[in-house]
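The chains carry the letters A, B, C and D, assigned in the order they are written, with residues numbered from 1 in each.
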Amino acid sequence: MSIVKVGNIEIGGNRVIVAAGPCAIESEEQAVTIAKAVKKSGALIFRGGVYKPRTKRVSFQGLKEKGLKILETVRKETGLPIITEVVDPRDVEKVYRVADIFQIGSRNFQNFPLLVEVGKTDKPVMIKRGMNARLDVYLSAVEYVTAEGNERILLCERGINALETHTRNTLDINAIMALKTVSTFPVFGDPSHGTGGRSDMVGRAAMACLVVGADGLLIEVHNKPDEALCDGDQALTLEQFDGLMMDLKELAATNAVGRII
Amino acid sequence: MSIVKVGNIEIGGNRVIVAAGPCAIESEEQAVTIAKAVKKSGALIFRGGVYKPRTKRVSFQGLKEKGLKILETVRKETGLPIITEVVDPRDVEKVYRVADIFQIGSRNFQNFPLLVEVGKTDKPVMIKRGMNARLDVYLSAVEYVTAEGNERILLCERGINALETHTRNTLDINAIMALKTVSTFPVFGDPSHGTGGRSDMVGRAAMACLVVGADGLLIEVHNKPDEALCDGDQALTLEQFDGLMMDLKELAATNAVGRII
Amino acid sequence: MSIVKVGNIEIGGNRVIVAAGPCAIESEEQAVTIAKAVKKSGALIFRGGVYKPRTKRVSFQGLKEKGLKILETVRKETGLPIITEVVDPRDVEKVYRVADIFQIGSRNFQNFPLLVEVGKTDKPVMIKRGMNARLDVYLSAVEYVTAEGNERILLCERGINALETHTRNTLDINAIMALKTVSTFPVFGDPSHGTGGRSDMVGRAAMACLVVGADGLLIEVHNKPDEALCDGDQALTLEQFDGLMMDLKELAATNAVGRII
Amino acid sequence: MSIVKVGNIEIGGNRVIVAAGPCAIESEEQAVTIAKAVKKSGALIFRGGVYKPRTKRVSFQGLKEKGLKILETVRKETGLPIITEVVDPRDVEKVYRVADIFQIGSRNFQNFPLLVEVGKTDKPVMIKRGMNARLDVYLSAVEYVTAEGNERILLCERGINALETHTRNTLDINAIMALKTVSTFPVFGDPSHGTGGRSDMVGRAAMACLVVGADGLLIEVHNKPDEALCDGDQALTLEQFDGLMMDLKELAATNAVGRII
C-alpha cells in the first residue's frame, strides 16, 4: 500500500482523509467561510474548483486565476492543503503554484497530454475514474502520470453512467473494493458526484464509502447551497457536513471499520 | 412505511432483518447445519434455493420438491421462517406450502404470470430488481402483485449490469436510498449477488447496504463454499458470517445508523 | 447454417423472410386487414401478439384466447403462417394449436420453464435476445430449448438498453453480425423495437438489418397507428410498409447484399 | 441542413463523403501508398493519425510532427484533403497548418480547452461522440466550438460502450438517425471503431451507416493490416476497401437510398 504525504497528512494509512469544500470557488468570503467551517468539523484538505469543465458552455466556468488567488488566501487563513482541478495542460504551472494536490476530473481521465504534464511535477495527483471506464482502462491512464516519474497517485471513484434516472450517476462501491485489490494507490470515494444531484443521499453514500474501505472522501459543502453557482443540489450545508463528520468518526471508530478520521 | 410481518418478525421497522443461507439446498445435512449456524449468529430468516434458474442448463438446477421437504425440516428444527425462490407459476402452490416468503429472482422480475400467481396468495413476496431495470420499470412490475391483493412486498437491490469485469454485478446502493424515497415497501440489499463472485467483498458490501438504510440483508452462507453446487465463490463461511453479524450489530448500534439487528 | 422450415418457407437461406403485423391483435377486422395488406406487400409471415407482457399492468394485456381464434382466422383467410408470443408455460399447448412459430420475448429470454415447455414441441421458436444479455448468456438460454430436442431456433436482435433517451432501445447491428459467426441459427432483426417508439426510423433500421446480414425481419405494422392499443408510436402504416418492402427488395437485389426478399 | 465545404467537396449534401486511411501514419511510403489507393477507389478525404491517444502508454503514440510532414506530402501527391486528430490545445496551430479538418476523438469530446482552441480557427472540426455520451451531452460539447465562431461542425457516431464482448464498441445507428433530427450538422459514421477490432464486420457496418442516412463515412484502411502499429484488427486491406466502395456506390444509387458516393 502506497502512502501519499501531503504536508504532514498521510493518505493511505489508517486515517481516512476527508477533503471538503465547494464545487466552485465563488468569492473569497464564500471560500474562507466554508474552509474554516469544514476544518473545524474535521476536514484535513480543502477542495474547490476554479477551472470548471461544465457540460453546458453557458454554465459557470469558474473564476480561473482569480480563483487561484482565493485558494492561496484560504490556505494562508486555514492552513489546509488545497486540492483543485486542472483541465488544460497550459494551466499546470499556474495551478502548481497554489495547489497541494492536482485533481484530474472524470472527463479528462484519458486526457493524456494533461496527465503527462502533471506527471512531470512533484505534487500528488488525484485522477478520477472515467464515467464508463473499466478498471483496467482507468489504471492504464494512471500510467501516463507514473511513467513521467510522479508516483504520488490518488484514485477516486465518483460514480458511473448506468441506467439511473433517480441520480445523475451510480456510485460503484464495488470499484472501491476492487481497486484496493488491483492497485496499491490510496482510493477516495466521491459521494457527492456518486449520488449526483441528491444531497439527501450524500451522507449515507459517504458512510458506505467509509465502511467498504475508502482511504479518503471528497465531499461538496456549501454555506448557501441554494445560491451555489455549481451543483448546489448535491452540496451539504455546513451543519449537515458537521453532523456527517461526527457520524463518520463514530463509524470509523468501530471495530467493524477500524479506522480513524 | 409498510411493515411486512412474517411470524413475529417485523420487516420495515427499526430492526434490520438478516436472511441467510446457501445459494442452493444440497442436502438435509447441509441445510440444517447452515440454518442452525446462521440462526445462532443472529439471522432471523433462512434462505435456500430449490428451484434454481441458472444461466447454463448444465449447471445444478436445484433439488426441487425434494428440496422443499428439506426446507420444511429446516423450519421444524430451527423455527426460522423460510424464503425461497419460485420460477414457475405452476410451482406456486407447492412452494406456498413450505415457504414463508416467496422470492422472485431478477431474471423473473417481469415474469407477469408468475407475479400474478404469487399475488393471489397471502404470503410476502420479495421481488428482486431486474439486472437493468430502471426503478420506475421495477415498481411497475411490483404492481402486478399488489393488484391481485397481495401488498406484502419486499424490494431487493441485487446489483446491476454495468461495465464491470472485476465483479459479476455492480451493487447499486443509490437504488436502495432512492427506493426508500419513491416507495413505502421495505428494501433489502443483496451483497452476495451485488458483488457477484467475490466473497471477499460481501461483508463490506453488506455493511454498505446497512449504513445507507436497507431494511434487510440477503446473504449467502455455506458450510463448505469450495464444494458448493452453486455460486460458492460468493458464499461466506459460517465463521465469516458470524464475524460479519457482529460487525453489523456494532454498526447498527451506532448513532450514525441507529438501527437494531 | 441451419435452415428452419415453416410450411414451404425456408428461413436461413438466401431469401430474407419478413414477418409483419400489429404489436397486438385488437379485432378480427384489424388483424385480417393488416394481414392481407402485408401479404400483398410481400411479408411471408404474420406477427401479432395476443398475450402481451406489458411494463405497466394498466396497459392493454392482449385478447388472449379470443385473440388466438382471430389468428386462426387470419391464417385461414391469408394462408400466412403465424408467429405469436407465449409468456406462460401453461399457455404453450393452447398457443401450439394456432401458432406456426412460438415467440419468446426479451423479458422472458431466461424464463427457463417456458423455454423447456416450447422445447418439448416440434414448432420453431424465436427467442429474442434479452435487453442486456451478452451473446454468450443469450445462447446459453437457447440451450434450454435445444436440450429438449427442439432445434428449430430463430434468434432475434431487438435492441439493448444503453444510455439512449432518443429511442427506447438501441438496435445492436453488431450483434446480428456476431451471432452469425458464433451460432448457426438464423438471425432476425427487429427494427420496430430496435428503434423503440420512433416509427420514422423503422424503415432505415430495417434496411440496416438487411445489409448487415439478417435472415429475417420482424416489423410492426398497423392500419391505424394512432389508434393502436399497443406501441402505435413504432408501427408503420400499411402504405409505409408497402414502400419499405419495395426498398428492401431493391436493396436485397444488389450485388452488395445479394439476397432475395 | 448545414453544408460544410472542404475545398470543392460539399459535406452534408446528396453526396456521401468517404474519408479513408490508416489509423496511424507510420511512414511516408505507407501513407502515400494508402492515400493513392483509397483515392483511386473513390475516397475524397484522407484520414491518418499522427497524435494518437492510446489507452496504454506503451502503445505506439504516433509520429507527431514528423507525421504532420508526411500528411503534407500526401496532400501534395494526391490532392486529397486531410483529416487528422488533435489531442493537445498546444498542437492546434501546428495541426492547423496541415489539416483540412480537425478531428476531436471520443476521449476528448469534453476536452473543453481543446474545443475552444479549434473553435477559434476557420477549419472544419469533426467531433466524435463520447463513448457513453447521451446526444444532448454530445451536442452541448459542440457548442464550445460554435460559440467561438466556428460553425463548420461534423458529427460522428463511433460506437458506444455497452455490454459487448464480441466487439470493442457497439455501433449505434439509431444515434445517426436521431442526430439528423435534432441537429443540422452533417453526421458521419465510423464503422471501423463502431465494430472495434472486427475488420470482418466493417464493410457491412459501413453499408448500415449509409442506408440509415450518414452523410459521410470514416474508414480505416491499411496496406498491411497485420503489420499495422495501431488497430490493425479493424483495418480493411486496400482490396477490401476497393470492393467496399463498389458496394457502397451500388447501394447509394438505389432508389431506397438515393445518394451518390
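Keep in mind that, in the parts below, a residue touches a chain if its C-beta (ideal position, glycine included) is under 8 Å from a C-beta of that chain, and two chains touch if they have at least 3 such contacts.
Every value quoted in this text rests on a predicted model; they were computed, and no experiment measured them.
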Comparison of C-D and B-C (more C-beta pairs in contact): C-D
Most widely separated chain from chain C, with each centre as the mean of CA atoms: A
Between chain D and chain B, distance of the C-alpha-averaged centres to the nearest whole Å: 49
Gap in Å, rounded to a whole number, between the CA centres of chain D and chain C: 35
Multi-partner residues of chain D (at least 2 other chains): 132, 161, 163
Touching residues (chain side chain D, partner chain A) in the complex: 53-57, 87-90, 107-108, 110-113, 131-132, 137, 140-141, 143-144, 147, 161
Chain D contact footprint on chain C (complex, rising order): 132-136, 160, 162-167, 170-175, 177-178, 181-182, 194-195, 198, 200-201, 204-205, 207-208, 211-213, 246-248, 250-251, 254-257
